[in-house]
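To keep things simple, chains are lettered A, B, C and D as they appear, and every chain counts its residues starting from 1.
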Amino acid sequence: MSVEDPMYYWDYLGLDEVLDSQRLASASDRRAPAHDEMLFIITHQAFELWFKQILWELDAAIDLLGRDPIPDEDIAAVLRHLERIVAIQPLLVEQFSVLSTMTPLDFLDFRDELIPASGFQSVQFRLIENRLGLAPKKRLKIGGAAYTSRLSREHAERLEASESEPTLIGLLDAWLARTPFLRFGRFDFWEAYRDAVQAMIERDRHLIATNPSLDAAVRQQQLDAFETSNEAFTVLFDRDAWEELRAQGKRRLSHEAFLAALLISLYRDQPAFHQPFRVLTALIDLDEGFTAFRNAHAQLVHRTIGGRIGTGGTSGHEYLQAAARKHQVFSDLFDLATFHLPRKELPGLPDDVRTQLTFRYSSPDD
Amino acid sequence: MSVEDPMYYWDYLGLDEVLDSQRLASASDRRAPAHDEMLFIITHQAFELWFKQILWELDAAIDLLGRDPIPDEDIAAVLRHLERIVAIQPLLVEQFSVLSTMTPLDFLDFRDELIPASGFQSVQFRLIENRLGLAPKKRLKIGGAAYTSRLSREHAERLEASESEPTLIGLLDAWLARTPFLRFGRFDFWEAYRDAVQAMIERDRHLIATNPSLDAAVRQQQLDAFETSNEAFTVLFDRDAWEELRAQGKRRLSHEAFLAALLISLYRDQPAFHQPFRVLTALIDLDEGFTAFRNAHAQLVHRTIGGRIGTGGTSGHEYLQAAARKHQVFSDLFDLATFHLPRKELPGLPDDVRTQLTFRYSSPDD
Amino acid sequence: MSVEDPMYYWDYLGLDEVLDSQRLASASDRRAPAHDEMLFIITHQAFELWFKQILWELDAAIDLLGRDPIPDEDIAAVLRHLERIVAIQPLLVEQFSVLSTMTPLDFLDFRDELIPASGFQSVQFRLIENRLGLAPKKRLKIGGAAYTSRLSREHAERLEASESEPTLIGLLDAWLARTPFLRFGRFDFWEAYRDAVQAMIERDRHLIATNPSLDAAVRQQQLDAFETSNEAFTVLFDRDAWEELRAQGKRRLSHEAFLAALLISLYRDQPAFHQPFRVLTALIDLDEGFTAFRNAHAQLVHRTIGGRIGTGGTSGHEYLQAAARKHQVFSDLFDLATFHLPRKELPGLPDDVRTQLTFRYSSPDD
Amino acid sequence: MSVEDPMYYWDYLGLDEVLDSQRLASASDRRAPAHDEMLFIITHQAFELWFKQILWELDAAIDLLGRDPIPDEDIAAVLRHLERIVAIQPLLVEQFSVLSTMTPLDFLDFRDELIPASGFQSVQFRLIENRLGLAPKKRLKIGGAAYTSRLSREHAERLEASESEPTLIGLLDAWLARTPFLRFGRFDFWEAYRDAVQAMIERDRHLIATNPSLDAAVRQQQLDAFETSNEAFTVLFDRDAWEELRAQGKRRLSHEAFLAALLISLYRDQPAFHQPFRVLTALIDLDEGFTAFRNAHAQLVHRTIGGRIGTGGTSGHEYLQAAARKHQVFSDLFDLATFHLPRKELPGLPDDVRTQLTFRYSSPDD
């Protein structure tokens, strides 16, 4: 800053541009603007500001996660970036509550002016999805067309380019897969774990089979469902079967990365796993946050335009509701819980393994 | 209160009972209790306390709505009851955030002790659903069994009895259907509205047909979708077709009640409609609140038990996610927006009709 | 919209300007920008966007409240404007939570670049305060200087001009004061109310005097405090004493307006008072919302810069904490509760008075 | 669980007791209960349930922090306990929003029945304050009486006993004070830090002195304020002066503990400081959460009873507002920011010191 030009709040924040950028389409001809169009524009601008911030954090996290090896300081920074996104997400949901004070009639006062513009054209949100690692082929089609079909050429190209850039889930996978802890020298962890799983399954099967509050038919149904759910373990122990599911898009993480994540979540109390466990938790929170955002969006659209076709020509709330389920990127991490065992049944770690997971403050005498 | 026994905070609130009712199942044998079971119990107790409060408000609202005629003071009271429920709902969602600080491993420390108890056994929540008017036949089956199948005989009977008691949607329907405003003397509102709809549809069709950002194939798809969505209007103008949909469970409100609700939402600016419009809005908010609750529950279950069978023997988060969509009771009110017209295209009310919808403060000289 | 230039989401929202307006001061020389400056700028821009929206609603409310008489439709609209501000306020508080993910060290990475810019230079927030009706003489001094002293001439003039423009509290006062309900023909409401107050005071005094859980000294203290608090009633019944307090800045509403507000809040169940009561409630919520905002701001400043002098040269969190209490505009409305009586002790309204407060739907036969 | 008695949701949660414990005082004679008393009771019961949970977490944290040395696993657990309390706090604030749907008139329908019971009699909340370490002498007097004066003998004794039990701040102090990192072998950290501080102060003084947007009088005021704020540094470097302030109750942490906390917050990027830094942050969040709770309580009391004397005989909202500021326990941690330096001015750590703060995964070959 130069002495001639002291920093001034208004200028620093670019408020001339920011506060002058609300151009109400309903005011374009000779009538007074629709009062609620201001809310509509400002809410969407606030969404886009926060999307920019989310991308800023995602890009920083991706940049750090792309290094090899990743120093512990950097994992701490990655965690800060992810947790900040998680802190931002409730704002996004809350903004829909604010927007819902605009009733359908209020929206109709200016809705026709917006056609064919649509929230589906939010380049930044699509970019967030790509950065997270939403696979192009997993995207719900919007009326059969590519998700870039209604964008300007420049924006479509930006998104298409991002499809081949590093993704959060991709780098997470690589980082997990190369963890040194997957192989504990002579201790065969996975064999011990498998035995423990077997014991648990048998105990659970017995609990259902003898549940006195179930009649015979319901019990049989539950037993069938139980056996189906056990198939998950079979796949967990079979790398090829896992990778087959992955090829079908039913899993996103590689077999090795998933095992590493499972190990971290089972032994999160070991000092070496504290931060990695927080990273996994932040990713679950983050996925949940986007799901809550999409669900809130679906409700808002339903109450505002009913069953109508949206300004973007799509069926609105049903698409959004479906996306809330289908566009989750880190559902593998939610599924970790499927493979957890009670602590008391977990194979104990041999001392030499525990030592590897502990850290020792070195002392000047070392 | 007697002088001998001054009111004391602890006793007034029954804290001996409330704070002594956390019996940790994991502590039943000789080991220390699982730390997180306290959170699990207290969170569920807090849910049940709020469910009791919600029922208290629902019962009061139902009692008032069951009168005929309903004085304006009572509609004000109904509104207060509904808006209080809406104020409580974010608490319920937030409580799941608190519960999500319990990780899968922490849950496994006591989960086996709970079998076969399950949140599906929350009698109060089922009662709330029945009071709202969730139709028994619209309930998702839980493993093929009746929703009362796993309850004590007393609880099952209480729920079954409630199925034939007055419901919020039933009384709302009756109240709306008998509104005197549906027939405006000589002014044929619905004919004028129909003409306006016709004009709007033609204009919208033109907008899609000439949307320059769509290529031919996409345009055709959108036009097809648009025509499908117009069928809604055909049904709106055809009482028999409407009641046919209703018989199929696709509509809940009677034709007359829906038209009354539409009228209220279109002319909410008329003084006589202020309060009724707020009632409709509160019901939409309330439905949305329970949807958010079920979605948050689904996410919590997913992250805590993964794809596993829940302690209640059901597949957990998928059931809850489906219920979030299927158990909405007031979706007709969301759909009102489908039939809205821009204010400038709404048929103007003749003066004698407006007078009916305005109120005049009477004066002593009257 | 012309056919050549279909509406495009990005352009409609002015995203070129909005998303290009983050100029990181820390990046101005040859080093990488401080990562968290982006969050700092975007959060403040989001604040300013919402401030603009709040002003948009305030201006609309003020415009409608400035009419005489105000049709019921317009009171409904005023209410919508106020309730929307109340819906926006939790966002503002939440945004401080997001900003608190920036630690003191992160802030120091760019704080020096901002000097002497300061949040105290938010023209829009000062304008909101003026629109609400914060009296210039009630403003806390910032280091002894006028609140406009650090603004550009243009901004200072805009604020100074606003001091003489209509305010929300001023128009509220006028609207309340001219309510026809203050004088109920032959029924002397205030005399009946005064008798009821007298009875309540005597009963309460007895309750304290005989409270068995108090020892003599504490009882005397409470009795003294009780008598002090009763002085409020003396003033309520004495117009001159009231206006004297008002001249001292201890009351904002005129005697007549306060009595009207009291009447509305005591008899809110009367149909004619439903909407006015909601307006009063919305104003209490709105005041509370700004208090929560200032408290959250104070906490944020304390944890981010500690006891240091802020970039604006003020002592930061202590100023903000004090403003949270002193800058409340509608505290008279909070104080209404001081003068409430239990419903069962309220003077009953004579039938001819009730009729005045009820409304009758006129019918074509009238 | 025995086969004869399968776990049942209702029984497990003690719902017979919990849902049967709402005894409406307004229903004690022959009239219908005041509708809103149910909300009043249930909200307070929910508060007390969450207070129990908070105590459960505090006790667990205190138990772990009381060990010496504290293994890293245990610090991770302490952190989980604290962060869970932080997750609970927004619920408490939100519950006041729900309670604020009860208007003053609604409260008066049953308020007299409650006298002399009062929220000041919440034993659990007082216990929480004691567990945190609120010094008895720092407590605001309630009408001149001890905070236990209005409690049953049993409750008063429980609280008095707790005053001499270990507190969170006490154990935090001990843990921080014995950190080995305060003395870095040959590297005199504090001397280097002091030099950096000196440089920063001189630079800041220059910034104010040459701030072109200030006129002479304001500049002088700011310079005076600046010099006052620099006195904080003098005390920081003077153990005796610090302990003198502490004896006066102006500081809570010992000199050594404060320096350790400062070190951790300045070098939080070092792996060994990740968890300790999170602990400090959680404590700031926790203090802020209780402040928000007290502020929300003050607002609720103000709008519900106005300026009246509360049922407990105190002046209500003013007490609560004052307590929000005075009862903060960890304000020393907020003040850490006062002593931060920009990263680029922080003394660099010599390599052998960095090594001490890093951890090395040991390998089987070690």
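Operating definition for what follows: contacts are C-beta pairs under 8 Å (C-beta built on N, C-alpha and C of every residue); 3 or more make two chains touch, one makes a residue touch a chain.
Nothing here was measured: the structure is a model prediction, and the numbers come from that model.
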Original post:
Between subunit A and subunit B, which partner chains are common?
Top reply: C, D
Subject >> Between subunit A and subunit C, the fewest steps along chains that touch one another >> reply: 1
Subject >> Comparison of A-D and C-D by number of C-beta pairs in contact, larger one >> reply: C-D
Subject >> Fraction-based call for subunit C against subunit B, same above half, different below >> reply: same
**OP:** Return the distance between the CA-based centres of subunit B and subunit D, expressed in whole Å.
**Re:** 38
Original post:
Cα centroid separation between subunit A and subunit D, in whole Å?
Top reply: 32
Original post:
Taking each chain's centre as the mean of its CA atoms, how far is subunit C from subunit D in angstrom?
Top reply: 28
Original post:
Of all residues in subunit D, which are in touch with two or more distinct other chains?
Top reply: 6, 8, 115-116, 211, 213
**OP:** Would you mind writing out the residues of subunit B in touch with subunit D in their complex?
**Re:** 1, 6-10, 12-15, 17-23, 25, 35, 38-39, 41-42, 44-46, 48-50, 52-53, 56, 60, 80, 83-84, 87-88, 90-91, 94-95, 97-98, 101, 113-119, 121-124, 152, 155
Subject >> Complex interface listing, subunit A residues touching subunit B >> reply: 103-105, 108-109, 111-112, 115-116, 143-145, 149-150, 203, 207-208, 211, 213-215, 217-218, 221-222, 225-226, 229, 232, 265-266, 268, 281, 284, 288, 291-292, 295-296, 299, 302-309, 313-315, 321, 324-325, 331, 334-344
Original post:
Which residues of subunit C touch subunit B in the complex?
Top reply: 3-4, 6, 8, 72-73, 76-77, 180, 185, 210-213, 269-272, 274-275, 352, 355-356, 358-364
